[in-house]
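These notes open a run of structures that come right after.
Both of the next two complexes hold subunit A, though its partner changes from subunit B to subunit C.
Entry: the complex of A and B
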């Protein structure tokens, strides 16, 4: 372990906020630990204080209401979201996405709020939350605010969280329609990070798309919405030519880095193919 | 700054004096002296350091020891009772569930975490769950067979009929692990 820090274990959200304010910029929140502890081990982060959220009430629970939608406590584990009956029934896109994150033991440890707060452009959940028009609640001693997931991701590993803020919950509106898709390509093994990940929701019919939301991960400095690709579809048909055009528009909007998962050009080409496939899959669900 | 704390491992209390950045993996191996838990990848991928904390399976390499104060930690050393191996341990021995042995403590703790919550998992559920534990001797079907032997109460039956065994391996190969469980 490279990083040296003091370990703090508060027992209320107010206490967490006070500690974040007191040690502003020098404290990191610990939830599941799957990202943070790895970064501390490697010395990529060296905060003076690590604030453990394990004993903090008010960050758990998943509630579903047909009028309000889904509310997910930031401390909910990936595995619990994946296995939640209401999620399975009303938000199959989320169930599919979380089921495919890493492997079961990581999903047992990693939290939904921790994943988003980490701001990692390579992870899948943010794209699906974005495709579902979700928002997050951020809290500090100064008060509470909500930010759309789309605006939450600011830059490479940078989110809208201020140093004194904690993400407390995620709100997903009632599902708009039955048409969705989540697909990704994992190059080395199934639990690997994706070369490209695509989350799509569609409303309308196959002859006329009312609305489309297309979100991508792993192919830019942040998880992002491919708005130009959505514009290709909105108010138009979902013909094979149109879907191909949308795939090309999404690839244009991508800005992938070259790494072990492929060159920039390869990832851009793959983006076009995977957006195309995801749209075909979602369009088939429109009936 | 070092701090004194008590770690409850396999029902026994251990006084340790550790830094806040001490990993559970390091505390178990170096402070408590239980070296059954292994370090493999160090980033939560391989499962060699799998232990159970308050009933939940975790990677000890991604868990701070300080966060485990007051919790019940279970490791491979706690499974045998009065000199008798746990059924999972006996199954791994009888069904060849290990070769070099490095991944084995993690494999067995992972299987235990599953069976503690669900004593009757399907083959696919076992496959999915155990996918989080890598074996570089590639003995995956022996591992699956070992876990299923416990599920099906086949431990200690002795060497089984070879034809039955072959049919069983065939059926394990045919079940589809990676089919998405999402409903359309």
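Entry: the complex of A and C
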């Protein structure tokens, strides 16, 4: 049977928060709808209320400031982020990541906030936001708080969002350096979800890595940072042996499930391969 | 070689006949059909792969407000239907044999009510042991799916031609191998649907997105227990067929049964999930064992093939498909000593059936790899070996297929050049490889009664425009356009002066529909014959009006001229008016028909199955990532021999679509089942190759002319699909030295094979 729910169309953030509080646990926010509608159709969700964000001001806009970094409204569409000149110039990792999400039809509908809030470990942007040390702002009638993207992903389809909270914006600190890499392995079709996704940022020089951030999607119950792999590199050189070691450490930290894209062993093997490749690419950008 | 003909309309990219309707969204698909008082039908499907029905209680569902009819087998004649074996019922009789089988159905005022009613139907099931693998189902202790079918075997084929033992003895090289294919799903963008109406005088009218109009009517009549003319089938616009809409499923049957009980029109459109469970019948998956013998010089000497084909729970077209897999490919290369064994075996899964290629893809996946393996062992260039063995004009296959036109060698030469075989082989790059293969297909196949024909009627309007009445129907491939071109060419009128009817069993004459790459050839001949007959009538009247002999007349551009005195001319419109608006006037109308010069295979499966054979050669260049196993297809080359090309853009579309589906079959597709339930029944898990995944595709049509075809044309629609998987496998082997024998060739299989190879050496 098809889902039946009451459709609500608030016109302010305060109103959204009030409705979330009133129907706590029984309401779902509707942004682009690309994930939510599918889940409703498949009967995976049956909320009593669906709260449409279409008419809510204050969720759009991308602003860049060299001192503050990038602020992205939760309602910004993937496509708008991908095409934003400041993003292209200062955050090429984000531009590339968003370009690789699905295809334009989806990117024109799907929002950045919807993508993160869905908590799907197979989505791409979360890893890149993590590699850039981004944080999200969550708001409720109780107030506002910020959470790092790393802590935002709690478990399989579970985020730090409380039932009465809405994600309002994402903040990315000023870019620390030019060394980054993103790999999305989609052997079945370029339009597929990643079999393995890797986002990497590096600072330092090729003889000494000051800092490394390695984040992975599609190879665990959440998108996660491979901290053990980062530790292999931090303060050390970026020799082939070191990079290989980091790849192996990332694979150790992964916990992929078997699905149509491959067995868990295969995906673990690939994690080592692609972390290795991503580090090589990023290291080459360090110069 | 092509007969130099100066065509006025053929070979031109005219405006597609129904193109404007489709791009503006006004084409009416089955979802767009609304009849007054129409209800929504929903189907209750078996949740179990094999189970006896102890009792069905529909009383609670019947009482639900808004429900107008609830039906079970008790509302049917409980007579089996099916094109070759009448083994399936519109609604389960006694037991269900696969997950998704239609058990009961409801018609209600809206979808929510109908679905609520389904939940109120109580079924007392007794679960039975089930079997899901065809080879296991043949074992003596396997549960029987149809009690009367011993060892679950639906069909056995075992034919021997020549002296197979002597031929193997006489071979210098004998190789043996096994291959396995998977059920591929059509994935048409529109699911199967129908709207059925039942009138007080006992006649059913069914709007369907079928690709085989009159066959649908025959099957409906059987399942409903009425005469053919008591059922009128009207084809709506069809959003993709590929064999999946050739009416082997129960959607329309159930709609008709509900409509009769409710006395109101009923619409049933499969949801995407239902389409995966019990809609279009996926490709028959096969396990193929092969042994082939070769002479040192590369000639094929002997071939022995043994197939175990998975029928699923009911037969549909799988019996014919199994026959094609066993025998067809022997038309591609020349040899005379063959043994073909095949077993078609019931399992508790969705029935398999017709899909572009019709058994040939499983066969070519096997044979074209055997050819590659042999070439490798003999140290021969695969193109040389193909040229040496290639069929040619006048070849008669060991099973009696008679080849008239054949440009296979030309295709081989063109493909070798297009892919840059020699140059690339001379300058090899690491992890890059090349593979090739050949293919053969039919232009129609005689297997439904002793008929492989078509008929059409053309009537002229007073304004000089011709109207074709044809029941073959458009399935999205551009058939209507090609027929209008053929009629325009023969009548000597502009393309824009020809239109074609929708397919409607009450208004058009008998024909078989869209399968077996048959329409351009078979229906094209019928339309051409109708046009010839109409032209004769026109010339007869024109001769009276121009005061000359009919044999002195020619038609061109909508005018009829006296040969040699072209100023003496009259428009077709004036001729039609002249004939109709006069004392004793009569319409200008004529029918044409055509039946291919093929025969029904005899009891030993000998006989020329088709009027004409189309041939092709293809090659691929791939790059394999040795660390991940990922196969990237860099370039793909195709040469096709389909005789005269009538509608170039349509023909190219067939080639491109075939390769896209072939690459999907080779590398990514396949329904995966666990305990008879699909685990990937959606487009996120069941992935298709998208536009962005297509390699650089280069393509040429052979210079070719089929004497028995309309203006030299023959079939094309399936040819391209058949060899793709083998060619990709051959190219992977060439690149990295591992051969994958089971479909799909996933990156994981390639990586593991590479690791095994490394560890082994």
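The rule is simple: the second predicted complex is superposed on the first by the 286 of 287 C-alpha atoms of A that agree within 3 Å, B and C clash if a C-alpha of one lies under 4 Å from a C-alpha of the other, contacts with A are read in each partner's own complex, and residues count from 1 in each chain.
Operating definition for what follows: a contact is a pair of C-beta atoms (placed from the backbone, for glycine too) under 8 Å apart; a residue touches a chain by one contact, two chains touch by 3 or more.
Since the structure is predicted, the reported quantities are computational estimates derived from the model, not experimental observations.
When the shared chain is aligned, subunit C comes close enough to touch A:266, but subunit B does not. Subunit A is touched at more residues by one of its partners, and among subunit B and subunit C that partner is B. Look at A:5: by the touch rule set out above, it reaches subunit B but stays clear of subunit C. Contacts of A:221 after superposition on the shared chain: neither subunit B nor subunit C is touched. Once the two complexes are laid over each other on the shared chain, residue contacts for A:58 go to neither subunit B nor subunit C.
When the two structures are aligned on the shared chain, A:177 is found in touch with neither subunit B nor subunit C.
Applying the stated contact rule after C-alpha superposition, one finds that A:190 touches each of subunit B and subunit C. Across the two superposed structures, the residue set of subunit A contacted by subunit B and also by subunit C is 1, 103, 190-191. Only residues 1, 3-7, 9, 30, 33-34, 37-38, 40-41, 50, 52, 54, 88, 92, 95-96, 99-100, 103-106, 108-109, 190-191, 285 of subunit A touch subunit B when the two sit together in their complex. On the side of subunit C, the complex with subunit A involves touching residues 111-112, 115-116, 119, 627-628, 630-631, 667-668, 672, 679-680, 684-690, 692-693, 746-748, 751-752.
The touching residues of subunit A, when paired with subunit C in their complex, are 1-2, 103, 185, 187-193, 259-260, 262-263, 266, 269-270, 273. Residue ranges of subunit B in contact with subunit A, taken from their complex: 1, 19-23, 26, 42-45, 47, 50, 56-59, 61-64, 66-67, 110, 128-129, 131-133, 178, 180-184.
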